[in-house]
């Protein structure tokens, strides 16, 4: 069979889909679907209940809530607020908060200089942090009477810091002792249709090998000693994945139909508006720009070339 | 046959390669290859000489110089300067400058906010413009005694300006009357191996349908009345293209070998480090970041959710 | 007398204030004040009616509407929309539009890489341009049934382009033939209390010597042949100005009171939260960052320093 | 006397200068000056030796090395490398490293979104971090055979994180146990001539009240338990400071000379090319840009205003 174990997705929803064609129920995995008609959000809750389920799904035991909203990629502030409220509700449920006053640490993972990996840093930029205000003036200083202590950091990636992100977060957690961590990360999906249209909330934290930037060490309840909720949005598909997937579909249909027609049909709708580009395009583009500028600067300086 | 006419590349070199497997010589097209050993640059000059050649190659009559330098993507300032010198030499040749003092207008095409399309704006940022200095103080004000008058603009794309780029450039050309235009643009290639490693210099200017951002109207000698030299570097491959190409290769080998093995071999080396992402990822990522920040801001404000 | 003619402000309102202490009415200048209570906006309309008025005010004959809104600097989306509506109303009045369908060209002046000069480029970024859509699909393609054709450009400054901004704008105007130009620019004020809290709308266009970036040639009805409305917000005060102004006040009070006390009182409220920094701080800070990084890179590489 | 205790400078050199006019030697403070002719660098070493010296100088006991290089603000890569080498030498001396292999943590203080405060984040961006590579592959993986383990973080400021920077650094230090910390910060000077032309290296770490961003808690050997070396470059002068200083000079000369002449002479050379702007100009400019864009969007949409 096709080397499908190497196809990676960060969405539990997509791991589950691998088995759907076979009509197989996976032991140790439960799936529940809800459609929120008014907001046009499809919510799928995948629970991995046993170690067997975890092995088959290649994800740790835990709860994975996926919210698919086709209009999420459209700029519409009101709709965006509607989804934000929904996300807030699910987070509240997953966090099972019982303390009156809590301290949260939000960690924005990823590299702010690589566009599709910059989701976490962008979230931290717009977050309303309050811990320093409440510590200084008390919680009545906040507009809302009962705000919590919110702190946040976008620590950068290992190539920028020389440190595992888990080391940095662990150090900070030990120092400021939050009640829980919310970690935001850009994800890799398998299906281009899900890019920028899907939010996954997982109570399993950040696990090795996940994310656009590929975390090497986990940021989890095991490593930190406090609950870690991960919020992710898929922003890329590995180029290998889309080729492989399309080919699998091709091979399935190839006997019965004209093969070139089949290829064209498989490609067209699916890949419209997508491009393939190297992971380091952001820094490369600046360097190449410098190089051409240098060429022109040389060209236009007569005494060098004449 | 496979719908290959719809596969687009901005590199004349790659148009020519389509016919190589067939060992066909194309009438009206000449090809010349030089290898610059010391600098490890492969230089291919494709000349489209006749209208027939233009039709087969789907590019206008003219000269297309392609410089392939595998190390171009590696950050190495000295090597970069070496290539810059080479580019300057070829530009000088293509421009066939005979005026003692000339005025150049460099146009940086593309959208500075979409990373793989931002090559042109980056070049303009680092260009040494001199026209205003020479007009004010004379050319002896320059460090180099005989510098030319260089001007530059990065006009933005139609979705930002509401104007065809060609309209903007035409207006400026009529006002400042340069001797020629050099237009810089990010290109789409067909082969991922060429991304960020190839420079194309063409004396045909910018033609409709070319570039990452897909120009709708040309910027050419015909439209401006002065020579237009285009410098381009491929920064993306259409996602559809890589799927289609790999499948074509697959279908060619499928009879003789194990098909899954074939797929794995076709994919692996080629796509390593590449990702697929939507064309509007840069602005989308900021909007999605806002949305999640909003969700967390809602969550952490007790009087809204309690 | 103190060399006050060299004190520059781009606000007609502040030119007028120079004469207030003297209780002088300036011949050829009319002033009208309105307070918009609900929105807390003070609107002052200065009309320079004669060449004598222009000479005294050091600004061309024309109408200058200044809207002062102390809360403008506070982030509050609703309040911001309120001011935006007010600005739109005044623009409509100043433009005296009588054509059913018009074409507008918005020009965002200034250098996007120098923060206090970047107002114009930011406006262009968020503007809804429509000319290309209406030309392609007709005006019924717009959500609003009767939208106008809007085009925009942020041409950069002369040090980036080698061209006078007026040359670029003139070329584009001749090509696309808009009915009028709206030019946005960051201004220099004399009073720090006005920074980021004041909008000036003038029907005189952009004049030589004005703006943070100091335009050398005008962009006016005279140079373009169509009306040019300038919208400006003061973002800086020349450092020399604040020193000089405070000293003038000091010298006025020095005879009657304790001089050190006087100095302290003059300085305190006025300058709180302000800093003095060189005009080129944005690019300098990057270069200095590189230099220190280089020092550390040298330090940490043992075989160079051991 | 003038309320001079409230005039703040982060440069020990400038604290010392306050006493020079009086020809006073300060007990507990030693000063040594060296001029590096070839590189045109003036190096002043101020040592605060006693608590009395610390009180007079308003800075902790320790060594402050100031390197003044007038050409530092000029873009010249070779000269920059020359200064970088000099800085590396002094750092080596101050660090008194005796361990063969050490681990360094570089902390880039300041807010990357406020230009004059962004020095620290820029340094971290260009630093060659190695800790993760050496931990994974051993130190022989580095090009230089004996490189040290370098890690780095730009934690952001309290308004972004809700945490004291000292809390974050302390947590990370306890987790990764570096041998020392090098903290980079943008400073406030008293003399505009020093902006972007002066580097201060201090073995006293970062102290409360210092820096453009005003640290509230120290990052020092006392708080972290390991040596903390601070590297700073002054990028701003408080607006109040320049007014006050100029006025002091004015009052000193006012009896003997024409006072208006005196003012003009005091101001001119000193403040050329400087501007005064609010501390939050970077975010304000974006918001004001949005507001004007909104006004124009309203204006151009006929069915709202007609």
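Going in written order, the chains are labelled A, B, C and D, and every chain counts its residues from 1.
In this text, a residue touches a chain if its C-beta (ideal position, glycine included) is under 8 Å from a C-beta of that chain, and two chains touch if they have at least 3 such contacts.
From a predicted model like this one, the values you see are computed outputs, not experimental measurements.
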Legend entry - Between chain A and chain C, the fewest steps along chains that touch one another: 2
Inset, instruction - State the pair with the higher C-beta contact count; candidates are A-B and A-D. - result: A-B
Legend entry - Same-residue or different-residue interface between chain C and chain D, half as cut-off: same
Legend entry - Whole-Å separation of chain centres (CA-atom averages), chain B against chain D: 41
Inset, instruction - Let me have the rounded angstrom distance from the C-alpha centre of chain A over to the C-alpha centre of chain B, please. - result: 31
Inset, instruction - Please compute the C-alpha centroid of chain A, do the same for chain D, then give the distance between them in whole Å. - result: 37
Inset, instruction - Any chance you could list the residues of chain D touching two or more other chains? - result: 124-125, 130, 150
Inset, instruction - Name the graph shape formed by the protein chains and their touching pairs; answer line, ring, star, complete or other. - result: ring
Inset, instruction - Could you please specify the touching residues of chain D with respect to chain C in the complex? - result: 1-3, 72-73, 75, 80-81, 83-85, 87-89, 91-92, 104, 106, 115-116, 118-119, 121-128, 130, 144-148, 150, 182, 184, 186, 188, 192, 195-196, 199, 212, 231, 233, 235-244, 246-247, 250-251, 259-260, 263-264, 266-268, 271-282, 284-306
Legend entry - Contact footprint of chain C on chain B as seen in their complex: 124-125, 129-133, 149-156, 158-164, 167-168, 170-176
